[in-house]
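Let me give you the structure first, and then I'll get to my questions.
To keep things simple, chains are lettered A, B and C as they appear, and every chain counts its residues starting from 1.
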């Protein structure tokens, strides 16, 4: 069966250290002014008055119902057979419809190719060699879990069955393949 | 917590800038100008040459403004030298592809229309004589061409709205009212542009009756436009949630809301309507006033495009 | 019987080993290739090494494709770190290729701190240094030159060179960071203490923020503990990531950790919650300890530390209940009070009182070869000890060190000779310290940045300006290098091999140390080479009887070819089995492996501590009358001032990362945390420019208004406000905490103090 790649970001394990941020930059040679991946750390005050930090992984959530692919006039934005949303730079004219249409602000304009770029689960770099994405590879606290959602025995399916997860902006119907494990102190921000 | 993750400049929700606003204006204007030309042409008594100045105005405005708009669009692309790929690669699920295809058909059709209208002045003699057969063709199949032009013009006028409304991440865009609003606003712009160009450059061939007809039509269209604006915002209020929040912000925040109230609504809609009812017949149908009135309507339409494009991308809730 | 491995023999072995190593740089099974590595081009190299972006020194694996550094991850064979690295580790290649790196030696041409330099050849630099050192030796004595080197490898070379030269004033950075708890371990246990976080069920953490001052192995263990339902209670003045992950966070008053700890201990003792049997059998000095803390009741100490008495008692009871799977975390950067030695001893004694030492989920002692071998008798193999090449005896130095370590009555007797009390150097330069008899005239600083890290900054600069010679070895013109006479370009850690290492946690272990990932860029040279070449210039080559680092490593292993092969192939090696003296199962496994150890086992099936645990320090009593524990209130600030504290940021940590392009882009200016009520009182809004000032300095910063800090406290990340203009990305950005702290050198521990009073106003 074809693979369908997904990822979990666990808010309980994430410490916002940005190892993923830098590893992604290193492996995929991201130009200095832009980022494929950041983790935003936000202070929260919970209903019982206690304080904590929420960690938001800012990167492409690899929708199944992709707003970006739907609006691309030349099919430069497309989903490959492993469920990864990619950009074929050759077909791109730079209209930036996909950049505007993405509800997660996952895309940026690559300073060199001038085409939109974003997290691709290291499709062209590490995945092509059978390795996990750079971010998953370095995360000090194992807050990232990656794998094939179509494989019942995969690490990600095991984790999904054990941990409560939600996805961002689900009401838009995008069906992201990035699952968030909410901070057990704070609950889900839906 | 400090911002330890790097610059957030790339996350600006403002993706499309003023060139797109101007393009939307020009596309709407082109479609409206074409439709206005046809409306005038189809009035009893205007169906034969010499063509009324208002018809000529539209015939030249439609292809010219769409051409200008497309140039703006191409140079706004981040990869402009690759623009031609839009013409041979299609995604029928994308409003932009549909727009490309509509324009692909619209452009030659309005040029044909133009050639038919200006056959005597440009193609019977002179350096462009070799194009006379095309001009004749345009006149021979006038009815078909005009019907097709009308349909395509409606398409072009509406597609500019659908382009934005297809994005469900921007609450102010994501409404079915937008295509309707843009279409009507485009018609209004077309009427006004035809009046300005017609009265300024084709004055001798412009019949007063047609002028007052169009002016009156514009007032009615302005009412409809006001109505659609009203539904847009009131509808968002009643939708609740983030839509209501966005609507409130968009109506009251900063220079953009000023642009809406003073430029779009005040100058472009309420003032023309008001003056129409307040001024005596002689004044309001004088050429000077009609030109002035049309100009403020055009300013209002351009302001509407600018306002919607920016407010929609800035107030995202 | 076995011969020393000849150089040829080694090369033959190492080429096979290298072939093997390049095949299986994934450690684990020899010859096994990670499937994915086959997908790389043939020229791709994977090299296991050790990171140097901070002192955690995590194991890494660096990937180089066609000579260009591409990606760094952790070493997957290192189970304790899981093959992970942090943001700084991931940015290693960015440090390597930084165009603002120093790759040629430079010497100043203007005044110290003017910033005027000229490039010189290595020979010129060496000649200058050798000449100056000789001058100082003749005029004042070689001992008047202090040698500071970064913990670990740099010390090996430069402390050796120092002693060959004739100076015994050897230092690391310890007195600005972890020295006090090392001293406490030595005093209480006679060995280094470690924490078995992963198996603990209750942990008290007082400002040991391993999620931002990242130590990957600790961070993972803490997460394991939390995942297994451990209760984590953090007490610190601000909402660090550690505090946010904890079960409970209590905003303790800065500088007042000791009253809390003493009251906690008071509860344990007076409510009879301690392990009487353990204390009787394994400890001595209990009665003296009990007497010395009699007055530190929770009720009395509550107002000192601003933690309610009921909370102190509750936490102590919960802790005792969870023992022995309980840890009172004794921290890492221990600079919170002038009484650091008392504080860390007290913390360790708490674990002792509940019997949580050499127990799963509690403390355990560092078992390097020496400590481990004492339990193994004749007939069983013992842990190998890495050798040092034979060198002539060092010249004898008759005068005391500036910290008087080695003298019978030195108050700093608990510091090692390689650690020293570096914080005394500025004062020892400007004045003659009591009992020392001389001033310092030179400072040789390798991979250390005292201008940024030793408080007080202006005091350090003043001392530097008063010296006859200041030499800095660094990869960039750091804030200290800015004031130097000559700056020698070190290689980055990716460009050098270093000596093999030996250490021990639950059993002895060995590491291949750092390995060269790429050839040195420009004219940068590794410390082993700088020390050797400088020694040659100084006529001291007899002390450096090895051709190069390979030669040195050969001499370290002697004829232990097995160890050598294993290190080269897999990157690490260990000896024996983990040993927890008080865990029956572990002792049984140990005896199975080393039958001669059976005689050490007592009737309960455990092994007694080789020396009694000291709950009262006879030597401290003798030297400073501080054998027991006491609390001396200290005035950190005026009543109308705020406490100023700092901490490490996960993306920068050490000061030397400030100018790293990728890391600087993540965070270049750390805004100062202020409580909303305090901000309102001062008319400050979030993002406003502010002045943070006291009698030492005025620092310019930005305000970050947050509830995550006490009302009477402000917080800023350390490592900002650089003053070296050659650090172009980092220069002038943020608050320089070091210029606000006092130059205090704490009694008995020598630690700097990172709590001070400041005022804040809108700029």
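Everything that follows uses one rule, which is that contacts are C-beta pairs under 8 Å (C-beta built on N, C-alpha and C of every residue); 3 or more make two chains touch, one makes a residue touch a chain.
Fair warning: this is a prediction, and the values are worked out from it, not measured in the lab.
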Between B-C and A-C, more C-beta pairs in contact link A-C
Reported most central chain by Cα centroids is A
Distance between the CA centroids of chain A and chain B (whole Å) is 39
Per the C-alpha centroid definition, the whole-Å distance linking chain B and chain C comes out as 69
So, in whole Å, the Cα centroid of chain A is separated from that of chain C by 36
Touching two or more other chains in chain B are residues 1, 4-7
Expected list for chain C, residues touching two or more other chains, is 650-651, 665-666, 706, 708
Check: chain A positions touching at least 2 other chains come out as 16, 18, 21, 43, 53
Residue set of chain A touching chain C in the complex reads 12-13, 15-19, 21-23, 25-27, 32, 43, 45, 50-53, 126, 128-131, 134, 137-142
In the complex, the residues of chain B that touch chain C are 1-7
Chain B partner, complex, touching residues on chain A are 16, 18, 21, 33-35, 38-43, 53, 58, 67, 70-76, 91-97, 99-103, 105, 108-109, 114-115, 172
The residues of chain C that touch chain A in their complex are 35-36, 39-40, 70-74, 81-91, 93-94, 211-212, 214, 216, 219-220, 223, 226, 239, 241, 244-245, 249, 650-651, 661-663, 665-666, 706-708
Seen from chain C, its contact residues with chain B in the complex are 649-651, 665-667, 670-671, 704, 706, 708, 717
